[in-house]
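What follows is a set of structures for review.
In what comes next, subunit A is part of two complexes: it sits with subunit B in the first one and with subunit C in the second one.
Presenting the complex of A and B:
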């Protein structure tokens, strides 16, 4: 494991089973590969974004990293230690180093607990031997760190007395109160209003800088990813299809799926008239048996061999990796994309 | 171009235990023939209330207090319930918020579309079935699938069925209420492209209600932005994106990251939406507005046309305050 990586995931798999069949005797268990042999690295101090549609396995990956879910097989190296081999007690020692921010701030906070109780929980669980007053001090500090000032005004409130944005801030405070090295944020802004969203994103950026956090940022929105992430990994049906520098991928996507994703982003600069969108047919279907490339059923560039041999992630330039065996047939850049070209010439 | 729908000074209150909540206050806008109008706002700003007011489907304890909704020369607010029954779905149809759950799971989709045609038009079942098939083809579904049940379709396909259903009686106006929220990005793009294509081909008038400004700018011709029950700005999409005048619209634009320019710093709008029951006097945005002045708390700004087709409700536009 190289020194600059905080987390290395190697060949991680998660398979769920689904019961199929109505009658007792012909009932079968069908495997569903939620996460299929993925390998990613997260460097110290960087934000890695995981992009994908719902059901592509991005949340499952994060949950496995944080040991909220057991993997089917694979390795997760955190600072050189394989988390998958630890037993429960050893795992709990690692947990203060890694925390998660969940999607829905209306669901994650216990409605019967005040803010101070909510924040006391992680302290009681992981910080032994400090007095009550010291604990309160830590809680006050963390509430002020998330820009809810003065802390006394918010400490004794119940979640229903807070707005959506404030709740998400409390959820963030719960994640940072133990001073972790690593935070996984699972779509932290998708449930919030637009005018509040920016505040949460900026708060996460600020905390990352102040505390030197390494972050895994899960989102389905490329625009948010471009604002937050240094690198992104694009997932499709449990597999990583493209990894690389965010700006490079957005300006020059290589995998057919990423190309489609980038082309349909609704962004204030681009109007539908002056852009050729790649509208793909079909939808994600997790039950299709996968032999070759996972994207083959929707890929406009597919060839005969794509149905049989699955491609693996191949490094292109620098750390840009793509899992596609037809790359040389795909034209570079997006088709007839005037607005993108104009943008490019502006920035150069 | 002629207006197909005109909403004039529409005010709708919800009479709650704490007092009347003004979910739509003095809302005026119009939809032209063949136009896609975006109605944008955050949750709780009254955009769905406006939609249900147009259809007169406000539920207890809500009620339309004053105003007019004129569809093709006919006022719907004063219309009788019997007349409304003929107008709903025949003249104004809806693509609902969660199309996935709005289909009846125990009937085939063909039955459901045929039912809506037979209710409003005096045709035989055979004709209705033929029309159902052509509607399904129109939205890109194989015409033989009219026999399928909703659970046999994926989310995006159900959305297409809902669109086919909304088109079933050749309505004058379609209201799409957050109809792509909850769909995947690529599916959303498919559905949006379909709607834009149908709008152009069939010359449809659509009101698209959404909270997603970038999405709406990509398909709509004009956009009305709502805040706390009021329309604060109403202009062509181009003007909203490049020449927005109201501080709230500017705030929304600043809160949206730019895909190709990640260094653009986004900023949120400070403060929270006022309580609709105890509305502050004057402008409803003044507590979050950086340009707020004394006049803002004394009187409420009216929606004025500052240039052709560009309406703004802000005192900044009346004088040279900005300098």
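Presenting the complex of A and C:
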């Protein structure tokens, strides 16, 4: 791991306030920790996946990286520059280097603009002093780069004349047209038909290779993540609970939450039968100030101290980090293997 | 907005009888205003007959106190009334758009401040202030327009702000921000087009309001004496005691009817525009795209 980090996130926090209480007099502002003290690194040319359930702070993290949202506190180093300390004008100079692909291609393309106008927007915003013909050339190139050929057929269409997959391709074209170093893809395939998902994912992989992109890939789908990512960070309730190589996370998940995620994907029947031993049902209330481990309410391996001492990310082997203080008490291997072992031991 | 949408709007509009009546009325008035010199039998400023003549074959609506033809006065007055109405409404909606978009897009303290100003303008007793303002800066064409637009922008501003609040949450606005587009680009290319339909209907309603205000100001003698509008005609009729004689039939009733019908025309057009904006109001559902 000699490559240097393109992005380093240090102790990033985002707290929203929610008004609680019906009356004027007992109304209180309660903080909700959407993103809680997360630190991640993305090396140059690498794809980092963030997976986690809805509302765990994946998207908020990406939005803060792209400066669409101000952080409560923390640092985001991009090539060594702290983005959090920049004012708006300085930030906009960094934006051509980092772009975002959004989840819903039906929402992120302005219905009143043709494909040319949509792609012209980033060019007009950041590339000054080139002629109209040159701009059109750049646009044609980028449309062909996303495998919509010939470009002339698509350039003068409105978004509603395109299919969902084609729309998402245009959104991708808009993100790569400025030749950024870094792209954050926020569940780029979750709104698409299953039939076109693979096409979009392969396109992203191809572009990544061609342009040497660094990517942050957000998804709630472990299968997609394992296909796309070099490393995976698992988030739960605004905290990163496990980071490591994709291979490691899939083959040898350590954190109880990751184990639950993996076991859902690898064998759903087994997961349903053995649900109690994998994850507990628990109500999650984001407004309560948390003392111990965030996962404690749903963890089948919890112990007394888990309710009081929050675990921090501890490096296991290489760059595999896990935030769990009971690791040695959790049997290793996939949950499924254990149950087999247990069944075997019973039969013996 | 894309062409298809506008086409769709047009079909909704033409399917609406009220809207078509409204448009027909407006076109009729605009026709009169444009061709006033050709239609009117006399020069409205010239003394063409004896004063206080009753309607006869030469003067269809009689003459006024100085012997000018009332019909010609009214036809030329259409120009002034409509022009003042449209310009004032345009300015009022333009100010409203500006304030509404700024307040809606930036939100927070700016929004709070601007909306309190809007509240203030809305609760000011309208007529007295208007009279005061018009009397203070003096009667003239542009002064009347100024007074009307300064006092009527608050309603459109509030409506447009709420529309901006919904457009603002659209994904493409956020996408534009992530691209790094300038705020001015975002406002003009993404927010404004979403606001235009509402601004149009606000414009129509503001125009009818402006015409009424102009008529009342002129009726009170605060209109431009050199550009006679319908309100000015009414003012002179009132000043020469037309209400007390038979003259009200041809001196007061006609301008009154003209004002009423024009306002109804604007109102009908405005209603059917609202129908375009709010699909739930449409009666016969037509498939959309």
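As a convention for this text, the second predicted complex is superposed on the first by the 314 of 348 C-alpha atoms of A that agree within 3 Å, B and C clash if a C-alpha of one lies under 4 Å from a C-alpha of the other, contacts with A are read in each partner's own complex, and residues count from 1 in each chain.
The rule is simple: a residue touches a chain if its C-beta (ideal position, glycine included) is under 8 Å from a C-beta of that chain, and two chains touch if they have at least 3 such contacts.
Keep in mind that this is a model prediction, so the values were computed, not measured.
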#### Entry: Touching partner for A:99 - first (subunit B), second (subunit C), both, neither
second
### Query
A:108 contacts which: subunit B (first), subunit C (second), both, neither?
second
### Query
Looking at the overlay, what does A:328 touch: subunit B (first), subunit C (second), both, or neither?
neither
### Task
Go through the superposed model and pick first if A:158 touches only subunit B, second if only subunit C, both, or neither.
second
## Note on the structure
Between subunit B and subunit C, more residues of subunit A are touched by B
### Query
Both subunit B and subunit C contact which residues of subunit A?
none
### Message
Please output the residues of subunit A touching subunit C within their complex, sorted ascending.
### Response
66, 68, 92, 95-96, 99-100, 102, 104, 107-113, 121-122, 124-126, 158, 160, 171, 174
### Message
Under the stated contact criterion, what part of subunit A meets subunit B in this complex?
### Response
53-54, 163, 165, 193-202, 220-224, 226-227, 246-247, 250-251, 260-261, 264-272, 277, 279-280, 283-285, 340, 343-344, 347
### Summary
Per the touch rule, the subunit B residues reaching subunit A in their complex are 42-43, 154-157, 184-190, 192-193, 196, 211-215, 217-219, 237, 241, 251-262, 265-269, 272
#### Entry: Parts of subunit C lying in touch with subunit A, wherever the complex brings them together
1-2, 4-5, 170-172, 174-182, 185, 189-190, 193, 289
